[in-house]
Amino acid sequence: MSATTVFGLCAAAVMGLGLYGLITNPGPLRKILAFNLLGSGVFLLFGVVARRGAAAGFGGDPVPQALVITGIVVAFSATALAIALLLRLFRVNGSATLRANAPGSAGTEPTGG
Amino acid sequence: MPYLVPDLHAVTTTNGFLLALSLVVPVVGVLLAFFAGGRHVERIAFATMPLGFAIAAAILVALWRTHGSLVYLLGGWAPPLGVALRADGLSAVMMMTTAMVICAVGVFAYADFRTLGGEARAPLAFWILLLAIWGALNTVFLGGDLFTLYVALELLTFAAVPLVCLDGRAETLQAALRYLLFALFGSALFLVGVTLLYGAYGTLDIVLLSHRINAEPATLIAAALMTAGLLAKTALFPLHLWLPPAHAGAPAAASAVLSALVVKGSFFLVVRLWFDVMPGLPGFAATQLLAALGAAAIVFGSVVALRQERLKLLIAYSTLAQIGYLFLMFPLAFGSGSAQLENSGALTAGILQAVSHATAKAAMFMAAGLIYTALGHDRITGLAGVGRVLPMSVIAFALSGLALIGLPPSGVYLAKGLLLQAAIESEQWWWEVVIQAGAFFTSGYVLLVLAHALAPADAPITLRVPISRIREAAALTLALCSLLLGLVPWGTYLSVPAGTLSNPLALEAMLSALWPIMGGGVLAILLGRWGHRLARVPLREVVIAAIGPARRAALTFGKMFERADGALRQWPAAGLSLMVVAIMFGAAMLMGR
Amino acid sequence: MTVAFAFEVGLAALLVAIAAWAIAVRNAFTAVVVFVVYGLLLAIVWVTLSAIDLALTEAAIGSGLTGALLLGAAARLRPTETPSTAECPSAILRLAAALLSATVAAALAAGVLFLPDPTPTLAPAAAANAAATGLGNPITNVLMAFRAMDTMLEKVVLLLALVGAWSIASDRLSGERSDPRRQADPDGVLAFFARLLPPVGIVVGIYILWVGADHPGGAFQAGTILAAMWLLVLMAGLTVAPPMSCRWLRLILVAGPVVFLVVGLGGLWMGAAFLAYPPAFAKPLILAIEVAMTLTIAVTLGLLAGAPEREW
Amino acid sequence: MNLVLNILTVCAVSAGAFFFMAGTIGLLRFPDALTRLHALTKADNLGLGLIILGVLLRVAEPLIALKLVSVWLLVQLSGAIVTQLIAGVVRQRGLNA
């Protein structure tokens, strides 16, 4: 078993943990954190793929490495937008929960405009 | 020409630059609008719209001339190292639809998002996000590289989410946050699949992948995760927790874009994945599973739609049901068990349904928005008399409803014909049943709304605000488009088997469309909310005695669905559903190997 | 089993353990702190995978800025901690979630083990085409030339995130100068630090941008360092962030993608292709784009990371 | 010569590692925030200083040596500032945790 395989399995485990956290952690902030863990697991897997493709004198395949850089920036944008929404919700509502209204009712009050 | 032409040594085709322009123009619009701000924003948006429309039209013409697909190599770098843009019939049709809907929404939204006096956030954000959605969708339709498509999908999400909460109320903020988080969940799964595919084949280019790909476990795991992730973004049942509050809570113009176009972006990627990246690889069980989710979405979405008190929520749940229709084509296109695309007519039908729904649903949300603005509420039981005061809006709603039911010569009528033919050819009678029954459900909620809107008012209605004719005309135009889609010569861009285009205006076709309408009437009477209306029909006792028990039974049934909907829209349940869907697709694909 | 391999296995195990801790711990604030630690460990993993660029990006953005954002939010949301623990999913749900997540993780692990050997790679292709741009860093080549479209779109993504975050803030304060939330002591330690560090940080940022052409580094990492310097100055209360209505601020925010598009359209105009660089000028053009992008990234990241602290 | 340098490097790096360990133990075992800060700054200043000293002996190029020294100086600076800030917060709020 090579080191890249070890990190590949590690990436799979981190992704599993991220998925679990995304489903079960109740607070939105914890979900955002779990999403970041999940994302970092994906990036790690990409890094493993890049490392396995080391050739032509490069320590890794530069294409997936570049994709990870783009991915990290996109994930950061997502986090920033989610946190802005969350803090705004907290400010308007005084609480920050994602719970839908009680079962049976049809969710939020729509408006037109 | 539904297939991307397999060109292993890609070169830029003549007129290929149009593809690059179609992405650049909206992006330039976004950047200019953000920099200029204030009143310039609308001007920039309205300058971009005809330009974008013209480019979409030019691509249609260029594609018609070349009889193949357009290819553009960005930076001159050929895949696998570079990124190619490719336009086939599917992408050209979807781009044109997008251009039409965006332009109509722009005209409609002008009254709501006009900058008066100083710069305000909501208008500035709306126009920027509208243009960004356009650019993102064009990238989704043209992108030839899975990672570029991932970035485009994220761009689409980031443009769509703030549209939900432009009014800044707590409910819409919560809806936007749920939407964003679930969409991120989905895109993470998509990206995992992209990673595995790169690891296995060393390219993310769609055409190159389609040549190298084979049914290895890693590929199938990737396919299952990507499909599940995309379905979460498309809000296919049972992954719809974010859709009803987001689409119903947004301002009308935003709802129109979200419901008509944004969900089609991820749907289109499912089509690309299953038809172009790995044609036939998912296998029989997986296509059946996908369509089964679609069928469940139709029943579930329609029944819950019938139980809604508010028009916008009804339309949002109708979107849920209509998304289901889009997935019925998968088992029919691939036939039973064979790995090849058997019936390209079914694929055409799926795209036609997407186009019809895009135009009709945008019209519906616009009409509902006008009704809300005029009345100050959108309670369905309080709509009586609207037909008198806002005839154009109600007609727009009615026409788009009829288009969705499949009245000839609408696009849905044509699509239904193609799907039925495919079902008969591939001997999958159960999908015939679903396709026929689907129209009953659609007409149920359309009739429910129309019955209320056309009823005489209890008291004369005064409009809170005068409604401009232009806004009504925008909705009506889109509704008419949807109703007349069947007359378009689709054969140029999509493959239409001979014989299906016989005569959509024949009397027989019209008559056959009456059955679903009548069936829908029964459904609406049994399941709808009627307020005091039902009590005023003539021969009240007789009617109630006749339908009473049936309605009681139906209501119990409807309540059950509502309760299930409430449970499924809780976050942990939706997250678990997403995992279950991913695992089921994986299992189905591995079994079908 | 060599020492290096043992180290890598230990690192992987530690990473998973810390990730599990970040998910399982009750307190949100602790979870965020653990996440930052996780990010720093991940940066070490990137080094062992010989991806120095990624180590820099991870430490700067993935762990640093994301961590700062999450920490700020966690501090603000402390009051809501108790009710949100009340809506914890039931044990059965958690068990089901654990089982399903484990299944997906196992499938992914299988996918990793099934990856072909030797892995197909684009490294030779990237090396063969490196001469076209004249840059020595293959990752910069991919980002700025081969896959320039992704990079350009990702700038738009950043801008949209900013527009989204800005659009939901309340309209009342639009255009007014925002006061720094924390009125720091102008003679305090932080202010001293904020006067001392930025010159060094700016030099380092420019250096990272410059060496990014041939060595690990580039616009993202440089932009993040500049953003951090700006945030430090803002936090120390030495200056206030300009309002969004400020024209030069908006100019900087769109500068990166605009220069990118202008160069790209120039390529189209010259008869080559959109986003193609004429070989003779490839390096200066790419550097020009990178300079504009660095500024845009720095200001966008600074505004995004500072967003929770202010009422635009 | 080489052997002497190697021995010196090993000694310096080990001593640095020892200070880091001592700092970590202090962080875990000391009773309140101020004493913990004290333990941590020792690790930063002395531990890192010794490690960099050890590495410096093996560096051929002066530019890299300069970089190493500036790393140490920057850590010193930021460590001192952050410690000050944390201590300030602790004193203000009267925290003992």
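So that you can tell them apart, the chains are marked A, B, C and D in the order they are listed, and the count of residues begins at 1 in each.
Just so we're on the same page, a contact is a pair of C-beta atoms (placed from the backbone, for glycine too) under 8 Å apart; a residue touches a chain by one contact, two chains touch by 3 or more.
In this text, all values refer to a predicted model and were calculated from it rather than measured experimentally.
A.B. asks: Computing the C-alpha centre of each chain, which chain sits at the greatest distance from chain A?
C.D. replies: So the chain farthest away from chain A turns out to be D.
A.B. asks: Would you mind checking which chain's mean C-alpha position lies nearest the centre of all protein C-alpha atoms?
C.D. replies: Answer for the innermost chain: A.
A.B. asks: Which chain pair has the highest count of C-beta pairs that touch?
C.D. replies: Here the largest contact count links A-C.
A.B. asks: Per the centroid of Cα atoms for each chain, what is the distance between chain B and chain C, given in Å?
C.D. replies: The computed centroid separation for chain B versus chain C comes out at 33 Å.
A.B. asks: Hey, how far is the Cα centre of chain A from the one of chain B, in Å?
C.D. replies: From the centre of chain A to the centre of chain B is 26 Å.
A.B. asks: Can you give the whole-Å distance between the Cα centres of chain C and chain D?
C.D. replies: Once rounded, the distance between the two centres reads 28 Å.
A.B. asks: If I count partner chains per residue in chain A, which residues reach a count of at least 2?
C.D. replies: 15, 18-19, 23-24, 32, 45, 48-49, 52-53, 63, 67, 70, 74, 77-78, 81, 85-86, 88, 97, 99 - these are the residues of chain A that touch more than one other chain.
A.B. asks: At least two partner chains per residue is the criterion; list those residues in chain B.
C.D. replies: Residues 81, 147, 151, 154, 158, 161-162, 165, 168, 173, 176, 192, 196, 199, 202, 572, 575-576, 579 of chain B touch two or more partner chains.
A.B. asks: Would you please write down the residue numbers of chain D that are in contact with two or more other chains?
C.D. replies: Residues of chain D touching two or more partner chains: there are none.
A.B. asks: State which pairs of chains touch, listing all of them.
C.D. replies: A-B, A-C, B-C, C-D
A.B. asks: Contact residues on chain A for chain C in the complex?
C.D. replies: 3-21, 23-27, 29-30, 32-34, 36-37, 40, 43-45, 47-63, 65-70, 72-81, 83-88, 90, 95-97, 99
A.B. asks: Which residues of chain C touch chain D in the complex?
C.D. replies: Checking each residue of chain C against chain D gives 189-190, 192-193, 196-197, 200.
A.B. asks: Which part of chain B faces chain C closely enough to touch in the complex?
C.D. replies: 12, 17, 20, 24, 27-28, 30-31, 34-35, 37, 72-77, 80-83, 118-122, 124-125, 128-129, 132, 135, 139, 145, 147-148, 151-152, 154-155, 158-159, 161-162, 165-166, 168, 173, 176, 192, 196, 199-203, 216-218, 221-222, 224-225, 572-573, 575-576, 579-580, 582-583, 586
A.B. asks: In the complex formed with chain A, which residues of chain B make contact?
C.D. replies: So the residues of chain B touching chain A come out as 81, 112, 147, 151, 154, 158, 161-162, 165, 167-178, 180-181, 184-185, 188, 191-192, 195-196, 198-199, 202, 241, 244-245, 248-249, 251-252, 304, 307-310, 312-313, 316, 368-369, 371-373, 378, 559, 562-563, 565-567, 569-572, 575-576, 579.
A.B. asks: Applying the document's contact rule, which stretches of chain C touch chain A when the two form their complex?
C.D. replies: Contacts found on chain C: 4-5, 8-9, 12-13, 15-16, 19-20, 22-23, 28, 31-32, 35, 38-39, 42, 45-46, 48-51, 53-54, 57-58, 61-62, 65-66, 69-70, 72-74, 76-77, 80-81, 83-85, 87-89, 93-94, 97-98, 100-102, 104-106, 108-109, 111-113, 115, 117-124, 126-128, 138-139, 141-143, 146-147, 150-151, 154, 157-158, 160-162, 164-165, 168-169, 218, 220, 301, 304-305, 307-308.
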